[in-house]
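What follows is a pair of complexes built around subunit A, which joins subunit B in one and subunit C in the other.
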Partner chain A sequence: MSTAAPPAAAPAATPASRRRSLAGTLARRLRDTVVVLFLVLVVIFVIGHVVGDPVRSFASPDATDEQLAQLRSAMGLDRPFHEQFLGFLGDVARLDMGMSLWQQRPAMDAVTEVLANTVVLAVAGLIAAALFGVVGGVLAGSRPGTWVDRVVSTLSVISTSVANFWVGLLLIVVFAVYLRLVPTSGWYTWSSLLLPAVTLGFAHGGRICQVVRAVVLAEMTKPYVLAATSRGLPWRRLVANHALRNSGTTVVTTVGWEFARMFGGSIFPIEVVFAWPGLGPLMTTAAGRHDFPIVAAAVLVTGVLVIVVNAVVDLVGHLMDRRLGTGTAAEVPR
Partner chain B sequence: MTPTSTTTTTTTTTARRPFAALRGRLWWLWAGVLAVVLLWAVTGDLLAPYDPMAQSPQDRLLPPGARTDAGLHLLGTDQLGRDLFSQIIGGARLTVVIALSATLIALAIGTVIGLCAGFYGGAVDRITMRLSEAQTAMPMFLFAILLVAAVGPSVTNLILLLPALGWPTVARVVRAETQRLRASPFVLGAVALGASDRQLLVTHVLRNLAPQIGVLFVIELGQLVLAEAGLSFLGAGVQEPDVTWGLLIASGRDYLAVAWWLTILPGLFLAATVLASNMLLRERERRTVA
Partner chain C sequence: MSTEPSTLDPQAVNDRASRVVTDNVFETLLVRDANAAITPHLATGYERVDDTTWTFDLRAGVTFSDGTPFDAEAAAASINRIVDPDYTTQRTSYTEGIEAASVVDADTISISTDGPDPVLPAQLTSIPMVPLAASSPDFGQALVVGTGPYVVSAWNRGRSIQLARNDAYWGPAPELAGFEVRVVPDSQTALSALQTGEVDLVFDLLPEQAALAPKVSIVEAADFSYIAFNTYAPELADPRVRVAMNLAVDKETLAETVYDGHAVPNAAQHLTPQMLGYNPAVQAFPYDPDRARTLLAEAGFANGFDIELHVPIGRYSKGEETADYVAGQLQAVGIRATVVKHDWNEYRDLGRVKGTEPDAFDLKYGWNSNEWFDAGRIASHITCGGSSSKICDPVVDEAVDEASQTFDEAARVAAYQRMWAELHANPYSIYLLQQQYIYGTSARLDWQPRPDDTFFVATMSLGATA
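Our next item is the complex of A and B:
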């Protein structure tokens, strides 16, 4: 959550790295993706089998040591670690994360069932975040020092300073409990989507806003803007056609990176707040019941989502970069 | 008011921009907020008006400002009749302790890695930076929940896990600064005079990194306070009877419809703390630029 800076897509903005071929980028990106995925699997395995003890969740609390040992060998947990890890990788390849004791069915089924709900909320939140971030950032960055800038900048600092799930609770109190405009929680009508999406949008829009403001501001102080103004180009067209367009790559990569960050954690507390039937409530309930398979399956699925979104954003940034021929994705200011 | 030229200028500016006089002085307010929170963290519930744990069944869910036989309940009471303000003051300690220790660990790891990567370059640089990139792409927040599913929640888990969220940022900033310092004339001069790597790293690079590390400290502290609150809210962090602000928000949630203060007010203290650190950073930025 705290990792503020986007994963530097290209190490340095040297002319050589700017002109890297698409095939080369694809290959590099694929390799990085595989490495990260492998690391995620290693962490899941280590937490499950080394830090935790799978037998504990199956056996009754008063089982004797002998019974525990029997169960251990029946589950193959007395084999050497590398064998167990290979077995685990095999299971993952078959999308088999084990049986959920709580739900009495394969853990992966429980996860895939609610995955779509989480994605729906994330997309709605992304739209809200992009609206707040891009519109606010452009307005603030193109008119620095005005009251618009001050309001937008204050909002964006607040957005990065508050616990985002708490914003959700605040909205529930105001709009659902006191004003009774929308349902408090769950997913019954499409209006249920409104508050969680706004919460998510506010949580992520702030950072987008700060980045967009910075790039637009930097763009607006360039000499060509002065030249265009002196030739009488309307301010509105200057901002829309020139400043915004030239900062397009940065804007797109920042928005995409915030999308990945949602799956990296911020969306789940918000889902819990609004009782949104997604991965968040499933994971926390499962964790509370020590149902490791479901949490592991959920972590794997969201981990893959984060990795895929990151990779796609990186590629899109690269493609846009080539078309525009300006800056690189790595030049995102904090 | 004496009509000197200075006051006239001030009043005209104040008339045009109502908050202009406050600008540049507002940082006292933010520093004050942080100081109060730190004071609460040090003194624990000594400064609390009531015993945070004292239950009083007949005084349940009283709104802020309610008076009972015991006295004024400034921020109201919870479902067991405990004074909310006292709980917030008592909860400051663990909130600060967790965030502070996690931040210090993250700073230590990030600084050492960033220093080595920036100073030595080459393979060390490539491997550690690749690692920090991979780390940023991994859902650390979820690993915390996974850990809870495997071994159950604990404060120790939290203090050990939170730094994993923070160190990549630290490492990246420290690395960049180290690279800059490494190439600066005074370090090259020290090399020419035969300084050892250790001397270079500690005396010449690390000491000059102090301001950046100070800034990183404030950034990370704010972020990790929020991360702790999020994890505690999900049940993956601090557990009852321990109290942090994140946990207060979580336990008040069941009474949202009847007692908004139980969730909203602890969150307000949390927000004020993080906002204070962020505003101080902005103030510093403004001064360095000016």
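Our next item is the complex of A and C:
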């Protein structure tokens, strides 16, 4: 869904605009959140009420025009646009996204019931992605041009270019069907989590890997590294304590960005392939059955997740980067 | 299962995902045996009193799994519930003609129809009996209570539905103590789960997947694929054009290539030889593109014409591929057919547009499922006033009328045979294939699938792994 570019690499030179206090960051974040959330709601409302016709999807197919008009007024759909939108905002505030026609219960219930499953998979996928990305990126970035670098770089290119669900199917055939190490699909034992998490981790680890490699490589060619090496600092400590620490903010921002991108869409086809009982199968089935309330509720919830993850990443990045101030505005020169 | 049922109210829905559960939890007054003959089940016998009244004797001592008795009151309420016009159900085709049911005595009900209804017994094989508690809004969701050999023990939304043997079942106890219906949206994943033995049965394998399953069970389905004509369209009004289009399609090659041999051309009628009304004199149209071109020229379309062929996405196994194939074959005789793909709802709405209206379809691919095993099933597609009909032929109407007004089986067969002969000379569709259902099973599962697409787990058993 989101197609914006990944965040810029290392904050080598801190731009003046980012030199703000924590309180300032919080306030700015809150403002952005409200704006984005409002836009999400507008899109959901417009698609549901203007592009689609809730009456037509709710009424039985052989309803007469008269019955349709009656239903339209009973559902309040003959009121002015702004009144309807305010009513919709009120419903959203009460977390009422309407009744699901398919499941015949509140749409929000259907979504919240499986939300945790999606979050569990996303977190597991994030751990896998971070492992692949950070370990691979550090190995490749600190040994540029070696075979390790070539293998890791090739893997990361594959990760960012092939279709995730295809990787998933391939892993099922190899590890579940031929090697019989893990179950193919569903979530009946904890080992069911392995394959989808690895698929998700592979899909998102590639970009993390590329960013980490670039940052580590940039650090390792700086003069202080040469100086430290000449003073006899062991290479391993140099990488771990200096290069990696200095690129920490970038790594956290990239990992967080990938986490948000999972909820932005990539996790759902993987859930479908692995029959993971999360939002993906729920949304695709609901869409197939023209059950707009569930789709709308799911879009709203994933929208909120993306916003929250982005905000948290921003805050963590702020706290980690000492150049951005550690807490009070007074410490930071303007 | 590729999708989760919306409700387990057996009277409301008729899709496979729900029937695999409800067929085992609920029962009907009559059922078809393994040879498709209609036999008593919850009813022990039935009798036609006059042209529009039937009585059914009910089995004594049957209870629902909540302990309430299955008696005349529950049976009559079940039928009245499903025929109520305010009740939304996908099973309307099974209730057509049924007026109401009433209690005669504790073990007898009487059913009245709005005219002679020779297919009533067949209809009753598809009307599940529900308890009086079915009037609760929870019925089909939290409350699933039937008389069948299994009960729902857990419904884990989005994952699976678990069923356990009903120990109070009136009939012979089924061999399997329970089973689980899992939701696996992706067909490739489902096949993998079958290969590893995580599941024992997968519905609707694609023809190319059949060779990869440990074992397959194939059944000649009572499903007949066709491409309906709108005979009101100017290009299609002349029967010669429609015969030409039947001749233009090589059905053998379609069955061999697209379906990998898992289908056979049907004899230009939506019946198998065993079904009531089959006309042995009517044969499938041969593949004869030269004759097709000649007929088109005779009808004044020597240069062909442009036409659209509508097909739903993801509804019928290989439906889109078949539509592409047929369009290619029509192009070969000069008919420039383009395939238009729709999602299911759009496609269904399209089918309801009357043929004379401007936005009616010209050609539409579909499957006709004949789970009545009776030619009468097709009536709504071919009579002048039929709800899905795009043809009006007095010979057909007269034959359908005659067949539906009599209980004399020989007279019905003769009338339907006349109907098929007329529909051969004046085709309402391009007749394509009789489809097969391909079930993938584990090596240990012993099960004979049925052509009427019912799933009685009580007829399954597990042998030793081969």
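Remarks
Note that in this section the second predicted complex is superposed on the first by the 307 of 334 C-alpha atoms of A that agree within 3 Å, B and C clash if a C-alpha of one lies under 4 Å from a C-alpha of the other, contacts with A are read in each partner's own complex, and residues count from 1 in each chain.
Assume contacts are C-beta pairs under 8 Å (C-beta built on N, C-alpha and C of every residue); 3 or more make two chains touch, one makes a residue touch a chain.
As the structure is a computational prediction, the values presented were derived from the model and not from experiment.
On the superposed subunit A, the two partners subunit B and subunit C do not both fit; they clash. When the two complexes are overlaid on their common chain A, residue A:V173 makes contact with subunit B and with subunit C alike. In the superposed model, A:M262 lies in contact with neither subunit B nor subunit C. In the superposed pair of complexes, A:T284 makes contact with subunit B and with subunit C alike.
Contacts of A:E113 after superposition: subunit C is touched, whereas subunit B is not reached. Within the superposed three-chain model, A:V216 lies out of touch with both subunit B and subunit C [touch as defined at top].
By the document's definition of touching, of the two partners only subunit C reaches A:A275; subunit B does not. For subunit A, the partner that touches more of its residues is B, with subunit B and subunit C as the two candidates. In the superposition on chain A, contact is made by A:V157 with subunit B only, not with subunit C.
Of the two partner chains placed around the shared chain by superposition, subunit B is the only one that A:N310 touches, whereas subunit C remains out of contact. After overlaying the two complexes on the shared chain, residue contacts for A:W102 are found with subunit C alone; subunit B is out of touch.
Working note: subunit C versus subunit B after chain A overlay, options 253-261, 289-297 or 397-405, clashing stretch identified as 253-261.
The interface of subunit A with subunit B overlaps its interface with subunit C at residues 169, 172-173, 177, 184, 272-273, 284, 288, 290. Of all the residues in subunit C, the ones that touch subunit A in their complex are 3-4, 6-7, 88, 141, 156-160, 182-186, 188-190, 192-193, 195-196, 198, 343-345, 348-349, 352.
For subunit B in complex with subunit A, the residues that touch the partner chain are 129-130, 133-143, 145-152, 165-166, 168-169, 172, 219-220, 222-224, 226-227, 229-230, 233-236, 246, 249, 253, 256-257, 260, 263-264, 267, 270-271, 274-275, 278-279, 282. Those residues of subunit A that touch subunit C in the shared complex are 60-61, 102-105, 110, 113-114, 117, 169, 172-173, 176-177, 180, 183-187, 272-275, 277-278, 281-282, 284-285, 288-290. Chain contact summary for the complex, subunit A toward subunit B: residues 1-5, 7-8, 11, 32, 35-36, 39-40, 43-44, 47-48, 51-52, 157-158, 160-166, 169-170, 172-173, 177, 184, 260, 263-266, 268-269, 272-273, 280, 283-284, 286-288, 290-292, 294-296, 298-299, 302-303, 306-307, 310.
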